[in-house]
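Worksheet: the structure to be examined is printed underneath.
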Amino acid sequence: MIYEWLYNITGSSILSMFVVSLLPLFVFILPFALLAVLAERKVSAHMQDRLGPMRVGYHGILQTVADIIKLLQKEDLVPAATDKKLFNFAPLLVFAGSYAVFAAIPFSSIFIGSQIQLGIIYIVAVTGLVVAGILMAGWASNNKYSLLGAMRSAAQIISYEIPTLLIILTIIMITGTLSLYTLSELQTSYFWNWMILGGPATGLQKILYIPLMIIGCLVIYISTLAEVNRTPFDIPEAESELVSGYHTEYSGMKFAMFFLAEYANMFAVSAIVAIIFFGGYQSPFGYLGNAIGLHWLVPIEQFFWFTAKGLFFVFVQMWLRWTLPRFRVDQLMAFCWKYLIPISFVILLLAGLISLI
Amino acid sequence: MRDYFLKFWEGLYTIMIGMKVTFRHLFVPSVTIQYPTVKPQLPERERNRLYVNMDDCIGCDQCSRACPVSCIEIETVKSTPGDDLGKTSNGKKKALWVTKFDIDFAKCCYCELCVPPCPTDCIYMTDVYEFSEFERDSLLYDFATLTQEEREIKKKNFKEFQVKKEAEKAAAAKKAAEAKAAAQKEKPNAKTDKPTDDKKGTD
Amino acid sequence: MALKTEEMVLNMGPQHPSTHGVLRLELQLEGEIIKDVIPHIGYLHRCFEKHSEAMTYPQVIPYTDRMDYLASMYNEFGYALAMERLMGIEVPERVEYIRVIMGELQRIASHLVALGTYGADIGAFTPFLFCFRDRERILHLFEITCGARLLYNYIWIGGLSNDLHPDFIRLTKEFIKDFKPNLKELNDLLSFNAIFIERTADVGILPLETAINYGVTGPNLRASGMKWDLRKDDPYSVYNKFDYEIPVGSGEKGKIGDCWDRYFIRVREMEESLKIIEQAIEQIPDGDVKSAIPKRVKPPEGQIYTRVENPRGELGYFIISDGSLNPSRVKVRAPSFVTMQVFPELCKGFMVADVVAILGSIDIVLGEIDR
Amino acid sequence: MKTSEEILNILKDKFGDSIIELKSDKPIDSFVLAAPLEVDKICMFLRDNSDLQFDSLMNLSGVDDANGEKVKDNKGTETINGGTLSVWYHLESTKLKHKFTLKVSTERAKPEVTSVTEIWKCADWHEREAYDMYGIIFLNHPDLRRILMPYDWEHGYPLRKDYRNPEFYQGMKVPY
């Protein structure tokens, strides 16, 4: 979309490709990470009757900027006994994994990095790249805590991808599309067309879909939570057990990469939930732009709705994090294999049956 | 099967309750304060940095002896006759020049054991708590009011006074000895030692 | 082809976020399963016993504060009690009441730290700060009374350093009123949370026989199902004048003596302590708190072993006096020191994550273990 | 509930000579003095006898009696020759609720006491501490290492009354 537009203006495919690939980073990921880190600190602070950062800027708004400047200035420590190549490469891979997800996310009807037909599968595949990066970091650090964290992380992310995929499969089955754009377009204009409320189906089918979709939404939210290593599933970096898991040995900008990747991932998975179940960039009740005849306003509104939904789920992630204790490794696995996977299979089966009606 | 779903439900339910609690706290006013800009009101019995009111100190060394970590060091010099040291506020007469009253706050454990023994209530704990330093030596507080020169003078005075006194004593002793010797010329052996002893003292 | 495996030795501590100080644990792991744990202590050794031989008796009190720094009031209480028994000092009634109030407030403060940090160990950070918020109010009560927040030097041999602050009773009543709903909130947020129960129930079970043989005391012993509290079983001070219960572990969520029992016994003990404080501030008599303080502490030759129920268990002072101004020997039976011995027994067969849970549940203070 | 005298009588019936005497002349606690190499048997009896049931060891502490001959060498450092080190056992029965104090004294030159770790597991670290601080050797102890001091501390036993700080430990100056 944007690519074509740029290509028409500039005539250079390389330049427009370049701009398009950097756009999400500068327009979205970096500002989002800045905001999310601050928001996390503020949310946690207020949940704990504290104030949080207050010094840098009004109510500490520039705190993250100050932190980034600090991290940039820090010495890049590479412990002597590490596997240097892997050690340096791992943060890049982790960041690349979570960054590449943004290419396929439809922020609004005209702002999609790349309109991949297999969008949804692409996102799941690319998030898998993060596992490789984490394992690499854990192994290369040559530290037992890091290794334990990395092993836990690999086991966790791979296990929790199964329920995620099963629910996505259900959605694919119902809607018959793999493209996130089409999926968003299907859930047009009003909130009763959202997948959580049965999607575009009508009549009895819709009513039967609703409970399935609510449970499915819960399952996918929980399992994506586990995929991004957030509490209650933050065992790979369990602070009180493994110091900080796979990124124990990292400092300075490399640590910031992991950090940025974590927050980018948080938004990515929230976006997936929003796209699949909550209509993506669609407004819950029509567009102001259409009502008053300013059609160029619509994409902006869509962008607003999309970020609002995404941020809401990010907020819920933070809310959960500051409420819950964490699981133990075996319980985490048991929860996945005993609860989430059977439930998602049942949902898949039932949804298949209902779609035959 | 029932247990299976019950457990799942229980998990969800308790998580919801927890989330309700934390959500409510989002709107509870903060209990913390912005420390260096806002400072808490400290109670009057606050036990922080010691202060010594040297006007009242009689140099009795009680506080130093009570201290469990020996952070108070006191040196005193006796006054010479004619020095006016004044009186403490509760009417005790001072008899000692305090030439050294050091408190090492790096050692001090703020236990307040030094306060009750003080006969003139001149050592007490204040509510000053911000006195961190970059050098450990800067935590050594010197409370003695005399300047270095004065201290030397006092020490010298006392030494001179002592010398004088010893000399007087020696002279007196000599006189007495002479008087005795004059009275009892028969026993010189025992007397010969004593003047030499006095000489040693005066040296 | 057989897969070659080997045990991994993981060194946990002395600098680790959840070893509660400078404890070093040598974990022998098979995967994540614990084969054996070897605790190494002594990183915080400050020679309390050697120091006290060089101090006069009243000078030892600031040093006792620094052993169990989360329950300083009780350390002083125990020492003062031992010295009073050795010297045969009769303490005014008001002093005893104030000591009980302070002791119980200290017990609540100490348990709040234990529960809060336990939550943080398990991964829930918010309860930790809620607990500290409440503890802060108790510390403020101590601060207005004696001027210090942590290391009080308040309970002296034969008396107290200060009488109660005029506001103390009012503020304590306010605190009790505010604290009760907070306790319920803590239960909602943490104690009955399904994940928390999952993490702590049936983990680190301490059977009663083992507990007694290892000399485990205090809440840990009670959680194993024994109704044993020195406040009732070997009464000291004026504890026999109050009406309160001794909570005992029931295995409500798992087996008796598991981590959850050890956790919850502390919650219930705080409720009982509140009862004691409420009764004590109603009954407190008038009097002079300094009247029985001896001018010169010079006990007769002899020895005494006195124990009190510290928030962590039986705190014993074994004092040998040779008739001089300095004690000839002060040995402290620190509850954490004894409890720590049973730790390897509890851990065997559980996972790395459980080590943290078990360590938090036995509530040790390294200052006391190493003294 | 049994008093110390009654307990002593039961012990005398069983062991005869190895129990030395009951001391109650000093104030507050009376105690029983026992032989250092027999103490494990006595303790075993104390724990298992149905009339006594001392199932809990409250405290075990080493003590330097400092009753030997004090010798000063030419540098002014004082050492104690001869005399005894002792170990105190404070026992309690949680079932019968009585208490009992046992003391053993052992030669300062060759301090050896049998270990009671087998009887009360609780004694393990207490005995290690007594070894660490006084150098009392507990025979049959499974793991008699230093506990509070560094494992490689070679400068004596710090709680002995004639202990002197070394000037250096591992090349580090000790009194800093």
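Order as written gives the chain letters A, B, C and D; numbering starts at 1 within each chain.
Here is the rule we go by: contacts are C-beta pairs under 8 Å (C-beta built on N, C-alpha and C of every residue); 3 or more make two chains touch, one makes a residue touch a chain.
Just so we're clear, the structure is a prediction, and the values are computed from it rather than from any experiment.
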B-C or A-B - the one linked by more C-beta pairs in contact: B-C
By Cα-centroid distance to the whole-protein Cα centroid, the innermost chain is C
Separation of mean Cα positions, subunit B and subunit A [Å, integer]: 63
Cα-centroid distance, subunit B relative to subunit C, in whole angstrom: 34
Subunit C and subunit D, separation of their C-alpha mean positions in angstrom: 26
With chain centres defined as C-alpha means, what is the inter-centre distance between subunit A and subunit C in Å? 44
Would you pick out the residues of subunit A that each touch at least 2 other chains? 47-50, 322-324
Among subunit B residues, those touching two or more other chains are 15, 18, 21-22, 25, 31
Of all possible chain pairs, which ones touch? A-B, A-C, B-C, C-D
In the complex of these two chains, what residues of subunit C are touching subunit A? 8, 10-11, 16-18, 32, 119-126, 129-130, 133, 189-190, 193, 195-196, 198-199, 351-356
Where on subunit A is subunit B touching in the complex? 43, 45-51, 54, 319-320, 322-324, 339
Inside the complex, what are the residues of subunit C that reach subunit B? 55, 58-63, 65, 126, 133, 136, 143-148, 151, 153, 161-162, 165, 185, 188-190, 192-195
Looking at the complex, which residues from subunit C come into contact with subunit D? 41-42, 45, 47, 49-50, 53, 85-86, 88, 210, 212-215, 226, 228, 233, 300-305, 307, 314, 316, 318, 320, 328-329, 331, 333, 337-338, 340-342, 370-371
How about subunit B: which of its residues touch subunit A in the complex? 8, 15, 18-19, 21-23, 25-32, 34
